[in-house]
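Presented below is the structure to which this report refers.
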Amino acid sequence: MTALLELKGVTKRFRGLEALSDINLSLKSGEIVGLIGPNGAGKTTLVNVITGVHTADAGSITFNGAPIAHMRRDRIARLGVARTFQVVQPFPAMTVLENVTAAALFGGGAASIAEARDAAAHHLAFCGLTDQAGKPAANLTLAGRKRLELAKSLALRPKLLMLDEVNAGLNPAEVDAALELITRIAAQGATILLIEHLMKVVTRTARRLVVLHHGKLIADGPVASVLSDETVVEAYLGRRYAERMAGAGI
Amino acid sequence: MLWLQVLVNGLAVGGLYACIAVGFSLVWGVLNIINILHGSLIVLGGYLAFFAHQYWGINPFLFAPLAGAVMFAGGVALQYCVINHVMARPFLITLLLTFGLNLFLDNSMLALFSADYRKVLLNPAPGVFDLGSIVVPADRIYATLVGLVLISALALLLRFTQFGRAIIAVRMDRDAAALLGVNVRWTYAVAFGLGVFMAGSAGALLSAIFPISPVASAGYLSKAFVICVIGGLGSIPGAVIGGFALGVIESFGALLLGPEHALTLAFVLLIALLAVRPSGLLGRQGFA
Amino acid sequence: MKLTVRSALAGLMIMAAGNVAANAKDSVVIGAPLPVTGALSPEGTKLRQGYELWREQVNAAGGVKVGDRRLKVDLRYYDYQSQTPRAIQVAEKLITDDKVDFLFSPFGSGATKAASAVAEKAGVPMIASSASSKEVFDQGYKNLFGVYTDNSTFSEPLADLVKAKLPNARRVAILARNDLYPLSLANEFEKSAKKRGFDVVFFEKYAIGTLDHASALTQLRAAKPDWIVATGYINDLITIRKQAADLKVGGEAFTLINGPAYQEWISAVGPLAENVTTASWFHPVARYSSDDVFGSSAKFVELFKAKYGSEPDFTQASGSAVGVVLQQAIERAGSLDRDKVRAELKKGGFKTFFGPISFSDIGIADSYVPPVLQIQDGKVQVVAPAEIATSTFRTGLK
Amino acid sequence: MMLRIALPLALPFAIVAVAFVLLSQTDAYIIRLATTFGMYAALALAWNIIGGIAGYPSFATAAFFGLGAYVTAVAQNLGAPLLVGVGLAGAGAALFAGLLGSAILHLRGKYFAIASLVIAEVLRELTNSWTSVTGGGMGINLPLAKTTLLTQPQLYLAAMLFLAAAATSASMLIDRSRLGVALRCIAQNEDAAQIIGVDTRMAKTWAFVISSLFIGLVGGVYASWVTYIDPTDVYDGAMSVKPILMALLGGVGSVFGPVLGAFAYLLLEELLWRNLLEFHAGILGLLVVLLVLFLPGGLSQIRGVGLVSLPKIWRRAP
């Protein structure tokens, strides 16, 4: 099976500072991959480069056989690349249903507004938002807005779904619910890239783990082997992990 | 020699342009308001200087800071009592508010002072600096010098006083500034007041150079706009650079294309600049 | 809330309807579009002063004599905001809504030209106070009558004067505002100068709204003119005069039109006004005796000073002049009938304080010689024609 | 389905036709006011497409208005009939907007506002200095329209009302189309719109082009109506601000808000102007201030003017 997403030698600089250097990464269809690394490691930059928010300074990105490194964001989205934002990005004055309808209409390729609305209702049900459908998006709770982000992403009928800190700011119960949702999404066949701080989330759902540190990919492999990789643990994960666990009180 | 004189002309008017634009730029940068009122405020400063000169014989170049100070109080009050109510709203709303205020102020001045053109007549006349084949009008040099002193004072105030830092903090991130204990409402009011101060003193500085009339306000506003876009929105050094740049561009435009096309060149450059570098010559990159 | 909105709307409607009140025929209704706000508001104020003085005088004397009745003058003003299309709308409104008998023109050549089309369509005679460009009158309209003489009546005597007093002057520089009247005037000056063998070494236009004239004047200076002519409105000419001095622009004669005939211009430029020449259609030194409500130029000036505290300039005088011309035409016709009044206007021969007024075939006054003026010792002096001159032409500039 | 398309197409025109029949026999003053209303409504509706629905605060209305006016004037002076002249005005403005859009539609918020504001200044300067074609500062006269069925005032009343109806139809159709959804997404969060696959560049350009098409057409009819235009008047900055005021007065972004706003604005403007010779503009300014301070959502905030608060149409179930 060929790779769904293939990054080769991707480099991104901001004012001379290398945010990503020479990233090589390949995701296969149906995989759930965890992407971890401390703040400023370049995780969000990597997502931004893949989705076309930033253009890579060097390297190639291929999605489903098509080069997308210089493609506009909306076209990349229509090819089937969806993402959620660390800071949620709803259309605040629209209702929850309208938000998802818009996503189904454009990224999801619905033929008409009516068809898009039907699809949206389905995705809302899937994400457990049906009873909130008529609310303006701005009135949702944080957990609700995160779910809305997910529903919008699903409405794009993504082949690749990148979830950026989808659990940040949620309480443990909400995190559990979100994880359950992610597992169900994965079951539908989409490739998922899970960008996370919380190890618990990653280890519970992902089989493969990628570690970014100072813009470099320092480890890539099955969860168990990455976590036991001495260099990763000692040079980076061990300290961070410990601090984080202590800080989050988990 | 002709070219040198044209360059000098451009720089001489450029200094005045810088004075016109700084207050507008400050308000734009800190309050995120396009202050349509700015041109009328310049005219009002001109009237203050005119009457001060007529009744008390005060030289307008010396009077400029005083005109600014008087109007500063008015500016603070206006912001605090009126404009502050819509600070959180989209800029279209604040723009319409200042548009309405401008209609009101313009027409009030028309009713109070009539539209007759007036001008401060200095006695003795300041004359010119004659440098052989190049002449430079002295009054423009005085106005530019006083203007640059005031602008520098403003820049120092912003950089080195606690209040100045508060203004910059509010400009960067108003919520964070509020959390750090900055009184945002008051900061906005004073920042607006400083913009009005600069408009008022600019008006006084121009009162001996250009005719004063309420109908002149739109012309000043449009100059301020163009200068700020050239120099960078909300940047004080940018407004100064933009002022001189516009002066020189217009001057050479008139020479190369004929006086009737002086502005065309400036505008064409402006559009090009907007398309390529919307933040202006000195502004920060991005769509802040 | 609902109630307030509804009642407010109702109130507004009543206000709107109020103005269209009945218009019984005990008055002559004259419509006058005025630029009260906007760029032309200084001129609008002046015109209105002229209109008001005339109305006061006529109404104090009982009104306009129409047959054996005396009708009061009812002037209807609306602000056209110095916008020409708005002036057209105002003219239209005055005709159809206020049902005026006659019209005075808006200010200046451009707006007059535009509004004259409306008057022509409706067949309403319109007396133009302040239009002097041929382009306004050559449209073949029958209802337009202007009390100003043609622009060439400025350029010709001035060119004669410069030619006579400065025999060595050869080079002429012309700087014109790119606007109907100033440009038309500048073209006349070019013609008059060329006719007399001058070299026009510089002819440039500047855009409306130009704040700074340094570059144009630098080029003008480089052309080394003996005689400089600049056209525009008062604010342009204040700046041009000042910047010419700033740049040490030389020359033996300096002509600026329209501006120096206004007292505000002289106050604004101060000593720099010395020896600047200009021309205007009226000056308080005029000594015409008249058949109009004023009786003579001197009496008009006296009444004007009594009411407004200053000597009338030509724009203020033109406001009264259109009044007296219309009044005489109505009184001669003995009726408010537009055709009859128009016929009287065409006949001309009005003796007014402004001068003897008759109109050429195209409707522009051609019956008097406007004075050439020069500022001397801070005062406006008439230097031509010789019959009414109060001083002699001085050369050089301060 | 057919009804969803046919109704917005037909309804505004039907209303306008009735209005025309009723108004065309009234006196010239009422006709002039009604014509002005048609013009204001069309301009406000057109602005609302880019400024309200798409949320791009355009100050280029004066630019397209002036451009349309001058295209018609020049075309008619070269011998083109009125209809061709006005058609060219609309096409010219739309084409210009398409080209301009690629240069300035990537700017956001106030940067876009400033860029669009400068366009009118540039066009005014160009028109001023291109004397051989435009007549420069002297302005340009237009030939009187030849009419057979209608009188002159009736012709322009019909034309402006027609444009207002067309702009209403266009707004209603956009509102319930993919384009409308795309524009609303852009207005609320452009980055998010791109992420869900909205071709924002295309959508914005279409909104700008459609908006400018109507503004150009209105400019063309206006030029023919007043028979004389000059650069200062048709590129007047107030022409850019007025439609915004009207839209704001009626409620930004809604379909019928601009129409109501245009009516209210015209009523105010006319009343003040008729009754106050000297200070009408000053009072208007004061009213604008009060409006912004106390009715930031427009007239629709007042109970009793519920007319405009119709539900957003595309929200309604099919």
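A few comments on the model shown:
Every chain is named by a letter (A, B, C and D) in the order it is written, and numbering of its residues begins at 1.
Quick note on the criterion: contacts are C-beta pairs under 8 Å (C-beta built on N, C-alpha and C of every residue); 3 or more make two chains touch, one makes a residue touch a chain.
Quick caveat, the model's predicted, so the values are computed rather than measured.
Counting only chains that touch, the fewest steps needed to get from chain A to chain B is 2.
If you compare A-D with B-D, the chain pair joined by more contacting C-beta pairs is B-D. Put simply, the C-alpha centre of chain A and that of chain D have 43 angstrom between them. Distance from the chain B centre to the chain D centre is 32 Å, each centre being the mean of its Cα atoms.
Distance from the chain C centre to the chain D centre is 37 Å, each centre being the mean of its Cα atoms. With centres taken as mean Cα positions, chain C sits 75 Å from chain A. Residue positions of chain B with contacts to 2 or more other chains are 107, 110, 260-261, 263. Shown for chain C are the residues in touch with two or more other chains, namely 37, 39, 178, 205, 207. Not a single residue in chain A touches at least two other chains. Shown are all chain pairs that touch, namely A-D, B-C, B-D, C-D.
Contacts from chain C toward chain B in the complex involve residues 37-39, 41-42, 44-45, 175, 178, 204-207, 209-216, 218-219, 222, 234-235, 238-239, 242-243, 245-248, 264-265, 267-271. Residues of chain D touching chain A in their complex: 176-178, 181-182, 184-185, 188-189, 191-201, 314-315, 318. The touching residues of chain D, when paired with chain B in their complex, are 51, 57, 103-104, 107-111, 113-115, 117-119, 121-122, 125-126, 128-129, 237, 241, 244-245, 248, 278-279, 281-282, 284-289, 291-293, 296. Contact residues of chain A toward chain D in the complex are 51, 53, 72-75, 77-78, 82-83, 85, 89-95, 98, 101-103, 105-108, 113-114, 117, 152, 155-156. Interface residues of chain B facing chain D in the complex, by the touch rule stated above, are 32, 34, 82, 85-86, 89-93, 95-97, 99-108, 110-111, 218, 222, 225-226, 229, 233, 260-261, 263-264, 267-268, 270-271, 274-275, 278, 287.
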